[in-house]
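Next come two complexes, and both contain chain A; in the first it sits with chain B, in the second with chain C.
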Partner chain A sequence: MITISLTKKNMLLGACGLFILAVVGIGLFFLYLNFAFPVKHATGTHLAVPDQYTDCVTCHTKVSAQVTQDWREAKHGVTLVKCVVCHGEPDGKGSIPFMATPDPKLICSRCHDPAVVRMEAKYGNSADCYSCHAYHQNPVHSNAYETRVPTTQTTLDQPGQGF
Partner chain B sequence: MSTTPRQIRITLLGVGILLVAGIVATAAFFSFSSTTSFCTSCHEMNVHKEELAQSPHAKDYDESAIDCADCHLPRGLGPRYLSVKTYLGVKDVFVHFTESPDSIDRRHSQPVARRFVDDASCQACHDDLYKDAKKEKDISEIGKLAHDNYNGKDGKSYRLCVDCHTNMAHLPSFDRRLDINQEFAAKLVAAEQLVAAEEQGGAQ
Partner chain C sequence: MKLSRREFLKGAAASTALAAIGLPGVAAAAEAETKWVKGVCRYCGTGCGVLVGVQNGKAVSIKGDPNNHNQGLLCLKGAMLIPVIYTPDRILEPMIRRNGKGSELEKVSWDEALDFAAKRFRDTISEFGPNAVAYYGSGQALTEESYLANKIWKAGFKTNNVDGNPRLCMASAVGGYTTTFGKDEPMGTYYDIDNATCFFIIGSNTSEAHPVLFRRIARRKQFNPDVKIIVVDPRRTNTSRIADLHLHFKPGTDLALLNGMAHVIIKDELDDYRFHGRHCVFKDNDGSERTFEDYKAFLAEYTPERVQEITGISAENVVKVARLFAESPNTLSLWCMGINQRSYGVWANNLIHNLHLLTGHIGRLGASPLSLTGQPNACGGVRDTGSLSHLLPAGRVIANEKHRNEMEDFWGVPRGTIQPTIGHHAVALFGAMATGDVKAVFIHCTNPAHTLPNLNKYTPGLQKAFIVQTECFHDAETTKYADVLLPAAFWCETDGVYGCTERRYSLTEQAVQPSGNSRPVVNIMMDFAKRAGVDPKLIPFENAADIWDEWRTLSNGSPYNFYGMTRERLKKESGIRWPCPTEDHPGTVLRFVRGEDPLVPADHPEKVFFYGNPNGKANILFRPYMPPFEPADADYPFVLTTGRVIDHWHTATMTGQVPELRKAYPGAFVEVNPEDAARMDIRNGDQVVLETRRDKMTFPAKVTDTCMPGLVFCPFFDKKKLVNRLFHDAVDNISKEPEYKICATKVYKQV
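Entry: the complex of A and B
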């Protein structure tokens, strides 16, 4: 035989219990949401590129249309700095390893050493060029510069603030 | 005051009835609020409907109109469906009443939308990945390579259908310049000009 007395204390306890239950429920909900619809997917492996597609662009116009068009319209595309120059061969057999995000020290400085040295002197050392330059889009006249405000900043403590 | 087992049983029965009624009401509300006409009851969603009408996804194979929910809500009534429905539903309504429609940046909406478009929703219509969209001919060579990659037969893609197939139903102005969207863009511009001409004609 159970009897529950509805005292003030019990009601308060019940309310607290319900509140905790609700918080836990909402937490579990978002946990599930992030599990079922991940923001970033697991890393993949590039497909083997058959000989007839060595120029990369034909296929990438379909699978990453935005990136490829940005490249084509920007300085690197116009001057035909090809995909493999920055990214390497997907099968890893080229002179540089295959990288989704090219290493600036390894790649960019091959051609832009003077600019890198000058920029490091001007703005300090920076591990990545990508917070300021968009590489497929017109590198200097990209979106990043549309909102450019004048600055007196001389270090890179807060990338994106000044440029 | 103390409760007897009889009172507890009556309370439980009441709670049970309420619960069932709640579930039925929720189900009815969910199915009603998944119709295209409900989506477009918010003016923010109208432009998406107009774009959809000019896209390759305006009509299904049987010539019936394709609904927003066909792509934007997971199939079935499982936890995937319920969680997307709840999350996006609450967020949409909240933003609708708190922010001006002009502040919605479609560049930021795209990745959010892509995250919640299930591959199973696409595959409900495109069941054979090695046939073209009309289900007549074999898919192109590039398509075969990419879909092999997707299926894990040649490397492994980390992408979903919508990460490769962008702008399947909508075409914001900043995506119109892309080569692969030229056909869609031309249709959309023609339709917009028609509407503009009609509006001018009406004003005169």
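Entry: the complex of A and C
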């Protein structure tokens, strides 16, 4: 007969084993869920295109709604300066490197060079623009225009809008 | 150093990115060595100034030119222009099809390719006469290229078969300006955007087609929310996002709206009697002079109620928009292809001018009818140099003997060299190729196998005629038909002038050496022409700068006077607006205005002087409402329209090379209104068939309320789905511009 001595070490091992089993179990459960109930969008299927990497908004409206909404209602959104222009492409194969936080020297200066130079002259060489200009609020991604209701649509919950 | 997995991944990504030197944007890593070369964006008619960053002879980055009108800003296409230069898709060697169409393109030497092309042109001319050859150019060609081609074909080969894609895009705007004001090109500039108090945007999706201009309009609205923006468009595009009033109407009925607005303006006595009484004459449709009372009688039928019946815009809104237009201190009209690409495009243009003349919203900062251009050099390169089948340089026309003689004298060819009859316009040219009347064509910098209307009818012409093509990208559909394919130096690999919407000429300087074996097109053309038998004395140029100097000299004394824009000056300054007669002249903002326009005498008794017309007055023309060529009917109940998306430009031969832009819209789609979609059970991504009287095609659906019910939209950039096969080829009677914007179609879900 095997006796299990409840030493401290064994307890730890058991707990670890249980934890791993639980993690694997939960993982398998979600895997099963994915197979059994594939994700469907409210208004139908995605646009039938294999590699729509740069239609960021469609998904980001759901996964980071606030940021997307901020962008959409700010100057960059109204004038359709899309995500990839500053952030690059997630797969890194775009024409600029993928950056969650764009480097102002590389990215912002492409359009706002005069402003970057002006600010540097005023406040010296700062590590980035964002310590003062919070990038998901004023002024990059903020409410810029009074009238900004493009269509009768008032929500962002339609996929494939392509902004 | 301890790194979390996430930090490690981030670091790895950054270092990989940095290692890939040559990618634009990474350039600042070695900023000190970057040389910035001034130029103009390659894409749209906005004509934004750019600076190309060059390291070790390679273009690595791009930024906006802060001194040009765009104030350093670029749209997403312009910001990603560099990868286009180094795409593997570039044509780098001359190629010929020795065994005719369908055979393989074979790499050959420049000499062989040019001789092969020139011999065919020589033989064709000697056997069938000069009108069996033609040139089909582009609003993207450099001014020097278009001027040179015009001279080679009209005075060298002695044929007027010189036309180009501006016929498909700007011809109606040209017709509008010339019939109303006597001379082409707008009187306003982009400054008007900063000063207008009311924007009347009709038939233009400025937001996607001219993003940097749209930003300027939005900025005006942001700083002064009282500024009114009216957008009139059957599609509620992103442009309408900043609009106070969006009007959608039955496609093709806007002529009735414009006349209805004039009706309301006169009825409410909002017209500027002092202005039109002094500076305008009223003319009937046949050109005979009429009075203001006649005009009132002509407008009598366009009551708001009648306009509502025709257009679907409520009578109340017709009155509202007319009052906004007239009562605002400075009204600026902006329009583009929605007005131009129409079977009554010139008339629609005239009607917009009418409103401005009637209310006196013209000749002041902020008050102007400003036609937006689609291509970067349709204005400067093609309209001004007269590189169309009925024009000669600087506003001259072929039909006028005096004009022909002036050009013959200037070019040093015997009088009578230039044919008195006009050549084939674009659509007719491809028709003539199909019938065999035109046998050899030189195509430069454009993609007609993708862009012609009713394509199925015109591809046989491309199949039949001998095609010499100067092109940068294999991706262009037309290369399939090319017998001789000559590699052209791209954009900043050569130097030349672009002239944008606001009469502004800007120089793109050469930043890098031409890729591979490609050459500047002016050199290709001259070499080809000499081999094809054109007198070398006619083209005594070394490079583009020499051609520019000749064209500049020719402009001196004409209404297009830009004699003051020397090459040196253009290198120093970021674009200058003509008229600019002397080197110390700063360029003109308000054309036709005393004290502003150097061509208006300083002692002219009136403030405004429309010197384009012999009587010094502008015409208010009686243009009745006419329906589109093919309205929707019982059999084909939907209206199909086409246009651009912001990510792609024209046929995507350039934007298709940029990964981000390609992936943003990998393919064409059809926009369907949710109401229509619900009725037909169409959902996002479903395959939907569009069937017109010409052809039928299938597209994935995009259900959105951008289009009004009864209207579907399909962009035209996708070469796998040549949507132009669906459109008819009816052209405007005056401008010969096809009606791309409206045709009747059936829409149903594919089963």
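In this text, the second predicted complex is superposed on the first by the 85 of 163 C-alpha atoms of A that agree within 3 Å, B and C clash if a C-alpha of one lies under 4 Å from a C-alpha of the other, contacts with A are read in each partner's own complex, and residues count from 1 in each chain.
Just so we're on the same page, contacts are C-beta pairs under 8 Å (C-beta built on N, C-alpha and C of every residue); 3 or more make two chains touch, one makes a residue touch a chain.
Only a predicted model underlies this, so the values are computations on that prediction, with no experimental measurement involved.
When the two complexes are overlaid, the chain among chain B and chain C that reaches more residues of chain A is C. Look at A:96: by the touch rule set out above, it reaches chain C but stays clear of chain B. Once chain A of one complex is fitted onto chain A of the other, the partner contacts of A:69 are limited to chain B, with no touch recorded for chain C.
Once the two complexes are laid over each other on the shared chain, residue contacts for A:121 go to neither chain B nor chain C. Applying the stated contact rule after C-alpha superposition, one finds that A:61 touches chain B and leaves chain C untouched. Of the residues of chain A, those at positions 41, 43-48, 50, 53 touch chain B in one of the two structures and chain C in the other. Against chain B, the residues of chain A that register as touching in their complex are 1-6, 29, 32-33, 36-37, 39, 41-48, 50, 53, 58-59, 61-66, 69. Contact residues of chain B toward chain A in the complex are 1-5, 8, 79-80, 83-84, 86-87, 115-116, 142-143, 145-146, 148-149, 154-160, 164, 166, 175, 177-181. Those residues of chain A that touch chain C in the shared complex are 41, 43-55, 75, 78-82, 84-85, 88-89, 92-100, 103, 105-107, 109-114, 144-153, 158-163. Interface of chain C with chain A (complex): residues 10, 13-14, 16-18, 20, 23-28, 31, 61-64, 66, 71-76, 79-80, 82-83, 207-208, 211, 214-215, 218, 221-222, 225, 229, 236, 238, 240-244, 645-647, 658-661, 663-667, 669, 683-687, 700, 702-706.
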